[in-house]
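Chains: A, B and C, in written order; residue numbering restarts at 1 for each.
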Amino acid sequence: MHDKTLTQIANALGSGELSSRELTEHYLQRIQQSGAILNSFISVTADQALEQADAADQARAKGTAGLLTGMPLALKDIFCTQGIKTSCGSRMLDNFNAPYDATVVEKLKTAGTVTLGKTNMDEFAMGSSNESSYYGPVKNPWDLTAVPGGSSGGSAAAVAAGLTPAALGTDTGGSIRQPAAFCGITGLKPTYGRVSRYGIIAYASSLDQAGPMARSAEDCAHLLNAMAGHDGRDSTSVARGVPDYTETLNSPLSGLKIGLPKEYFGEGLDPEVEKAVREAVSVFESLGATVRDVSLPHTHYAIPAYYVIAPAEASSNLSRFDGVRFGHRCDNPSDLIDLYKRSRAEGFGDEVQRRILIGTHTLSEGFFDAYYTKAQKVRRLIRQDFLDAFEDVDVLMGPASPTPAFDLGAKKDPVSMYLQDIYTIAVNLAGIPGISVPAGFVDRRPVGLQILGTHFAEAQLLNVAHQFQQTTDWHLQRPDFAEESA
Amino acid sequence: MQWETVIGLEVHVQLATHSKIFSGASTAFGAEPNSQACAVDLGLPGVLPVLNEQAVAMAVQFGLAVHADIAEVSVFDRKNYFYPDLPKGYQTSQMYHPIVGPGEVEITLDDDTTHRIRIHHAHLEEDAGKSLHEDFHGMTGIDLNRAGTPLLEIVSEPDMRSAKEAAAYLKAIHSIVTYLGISDGNMAEGSMRCDVNVSVRPKGQEAFGTRAEIKNVNSFRFVERAIAFEVERQIELIEDGGKVVQETRLFDPERDETRSMRTKEEANDYRYFPCPDLLPVVLDQAYLDHLRSQLPELPAEKRERFQQALGLSAYDASVLSASRDMAEYFEEVHRVCGDAKQAANWVQGELSGALNRENLSIANSPVTAGQLGELVQRVLDDTINGKAAKEVFQGLWHGEGTSADAIIEAKGLKQVTDTGAIEAMIDQVIADSPAQVAQYCDAEPEKRGKMIGYFVGQVMKASRGTANPQQVNGLLKEKLDALL
Amino acid sequence: MALEDSHVRRAAHLARIAVSDDQASGFVEDLSRILDMVDQLQGVDTDGVAPLAHPLDATQRLRADEVTETNQRDTFQRCAPAVENGLYLVPRVVE
């Protein structure tokens, strides 16, 4: 049953062919069998999951069930879950049981979903390979010597390996789309403000956005229906109606104008990846779309701008982890400064410390204007590039990542790791939505096609991706790992 | 050398909202530690701030009251530093685009001179929690109930030249915020706190001297004392060949001195940047017009009206308009009795004296404005004389009756104005005092005026104080002069 | 803008992170490389461009001034490392 998409499972639950309990037990068993190899979960919440499954089955019997009632899901360990460990992949929060649910978690609970557990991630969502987790790296189910991508690597690997029908991730610079690409699944980063950030542990507040990770665009549409909407507890959440994202999935693509940013097909792009992406684009042409080259002239500056803005916000967001009210506290502090300095040095890993230091330095006196103010100006130019492009085309397409998944331990130097996000990071700076869909393989490692739309164009992205998945079967292919461990 | 003092004030006013500036937790004072610190106030992971509309409205009201420019767009920034009473490791404040721009406040000194003090800006921010230093096995306890209480920080220009001006400015701010009802202004509970920037310079020199910032000067009296000490310290230091260093100092009211805060050994670097969890606050003209139309009459306007329309002296007008409670009390007394000068005399004399003796605020006066107004009215319509009026006031103060009339009636204090009755008493006194009558008759005419006092006293005594003194005087003079 | 050891130490102090001498030199190396990459920004002409803090041009929504939170001290303090009499404890703070 783990071969099914979320949509197929929903139908099986609806028809009574499957109970939520059966389904939940099945996935829990799969997690138990293969979880240790992939290391994709930090916590498995079996007891609670079975309770939720039973409640869902009862609701279904009473006729009060919705489409997602009884649907097992996994949550990236960045979402606060009441009474359940919420570690954010960090030693700092290894002892933290959140006292409340994130708004998204609340919404999914209301929809009747079942939480299987909390997935592994780069510490505080800072990373592109899942190697910065306090709980150890996650393996890519397509090739256990490869990374799953990051920072939502646990969620991506778990979906790809059939340990859960779908999972939630967050994306600050590509953290949904890049691991989705590396693991051969579909992952959507919505428009900034579309999904509430309340209860999601902040990395960079003006960039963070939560989204669905699943087998297909249709699955993502169902999940986004449940996740999206205005939240009075998040000032940056947008008060704007939420359409039914499944309604337009089958709109025809004839006349769709696709732009290919020339900067996304330049130096550094693996030729095999480029080939797969161009083939995918030609599928859209066969569906009646027209394709033209466009330019996003400031693309090159997205990574530099991001590595000022994100660490600056992070350095401030992570100040609350001080060993006073929650989280790790060092033993026998000699005084207040010692309490702060040792608790934070012990609680945060290297990459988190690096980003805090970068952010602290660039915000400090004498550097602020040259770095922070400059980066924010460049951010406006980057957003303008997209807005200009969307004057001429409906969607942009390109690779989600310049290469397929790289080997574990391959990127030792932080900057070479950062450059991985060249095609995803500008999207967060501009706040637009983006989706990565499976579009082929290079040496049995998946390739992701990234599709970008203008602000609030999620329905269109899901429609375009769904139509692609009606014509291709890349998204249905499973790693051998998923079959072997069945 | 002649020295000139230059003073600027930063006043932190806690706004009287029900809930905190960024959360729905209560702002009530005096609750159990941490019982009013919600997830947002505690800075728990993942929580987010949402701005309280009342905090914005109150800041704008203040701005309108000091004729300030209100920012069409204001922005919240983060001020980053670590301290245990600051849960998030940053204070949400407004560094670059404050909600209230330049404005001004008029102050009146005891000598009736008025001065304009410019306000540089006022910005919204969140209050911190409290560190409790009682002994917890050598540890400090942190109570975060106060964390997130809305503050309006009002920053003046360095326009004050004496401790008296600084105190007058602080009082003016206090009266504006309490008039507006945007703060209870309770300095003892920390609702209003003040940091003072002080420097000195040789008289005539244009450039400012190096300033010291005195933290947490929390009463009108302390402001004067802290400045007096600090000015003397700086002058002595310079005259002895030393230099004032720019530093933060703490006022110690017990020793009446300021001292350097050595714990802040390093220069801070607050790394201000716009808070990404909050969006720009945009206010339109209609909103400002609406708030402007709701403004009460403010102290300066009241003072002006008391002088111009009611004919009070500048001093009376200033005292009576200083607090909203005082002004409202006075105006009610005036409304009931109809005579502004009498009302002013009674409120500042008998009433204020009694309140001061028992350390009561006018809001807690046992004598209501209506009661006092009626009492004054009874003096004005000659129902009672001045002496009896004081007795009636005491009666009201001690709750011996619910109204002036009731006490007048009960104590029989109604003035006797029946000429026949007074004449009878006068005849009796003249008959009983042959020696004094003889002296009167023998005296030089210009000395007789004084001598009549004895007879008035006797007649008043005979009437148990109820005779009308003017009437007694006139009739006595007639009768005595007839004996000449 | 070259990054020096003193910058890293100052940042580490401001950020309250204990850094050993060994770590400091590692950070100088890593952070220098990151800042070299970031320095490409200086090549962008941003004359007349306003900084962008939020991706959407939205404005702050205001909350009604209502008390909506109840006392949850016990729940919140369950995840605290040291509390007594409802207070969070820290090493003595000297004023």
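As a working rule, a residue touches a chain if its C-beta (ideal position, glycine included) is under 8 Å from a C-beta of that chain, and two chains touch if they have at least 3 such contacts.
From a predicted model like this one, the values you see are computed outputs, not experimental measurements.
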_Most remote chain, CA-based centroid, reference being chain B_ = A
*Grab the C-alpha centre of each chain and report whichever is closest to the global C-alpha centre.*
C
*Please work out which of A-C and A-B is bridged by more C-beta pairs in contact, and write that pair.*
A-C
*Which integer distance in Å separates the CA centroid of chain B from that of chain C?*
41
*asked:* Taking the mean of the CA coordinates per chain, how far is chain A from chain C in Å?
replied: 23
*Centre to centre, by mean C-alpha position, how many angstrom separate chain A and chain B?*
58
*asked:* Give me the residue numbers in chain A that touch at least two other chains, ranges are fine.
replied: 96, 99, 206, 232, 235-236, 315, 319, 322, 324-326, 336, 340, 360, 364
*Would you pick out the residues of chain C that each touch at least 2 other chains?*
14, 16, 53-54, 58, 60-61, 63, 72, 76, 82, 88, 90-93
*Going by the touch rule set out above, which residues of chain B reach two or more other chains?*
39, 42, 44, 50-51, 80, 82, 84, 142, 269, 271, 276, 278-279
*chain C touches which residues of chain A in the complex?*
95-97, 99, 191-193, 206-207, 232, 235-236, 238-239, 298, 300-301, 303-305, 307-308, 315, 319, 322-327, 329, 333-342, 344-345, 348, 353-354, 356-358, 360-362, 364, 367, 370-371, 373-381, 383, 413-415, 418, 428-432, 455
_chain C residues touching chain A - in the complex, by the definition given at the top_ = 1, 3, 7-8, 10-12, 14-19, 27, 30-31, 33-35, 37-42, 44, 46, 49-56, 58, 60-61, 63, 72, 75-76, 78-82, 88, 90-93
_chain B residues touching chain C - in the complex, by the definition given at the top_ = 17-19, 23-26, 32-39, 42, 44, 50-56, 75, 80, 82, 84, 131-133, 136, 138-144, 250, 261, 263, 269, 271, 274, 276, 278-282
*Report the residues of chain B in contact with chain A in the complex, numbered from low to high.*
39, 42-51, 78, 80, 82, 84, 87-90, 142, 269, 271-273, 276-279
*Quick one: in the complex, what on chain A touches chain B?*
80, 86, 88, 93, 96, 98-100, 102, 197-202, 204-206, 232-236, 312-313, 315-316, 319-322, 324-326, 336, 340, 360, 363-365, 368, 372
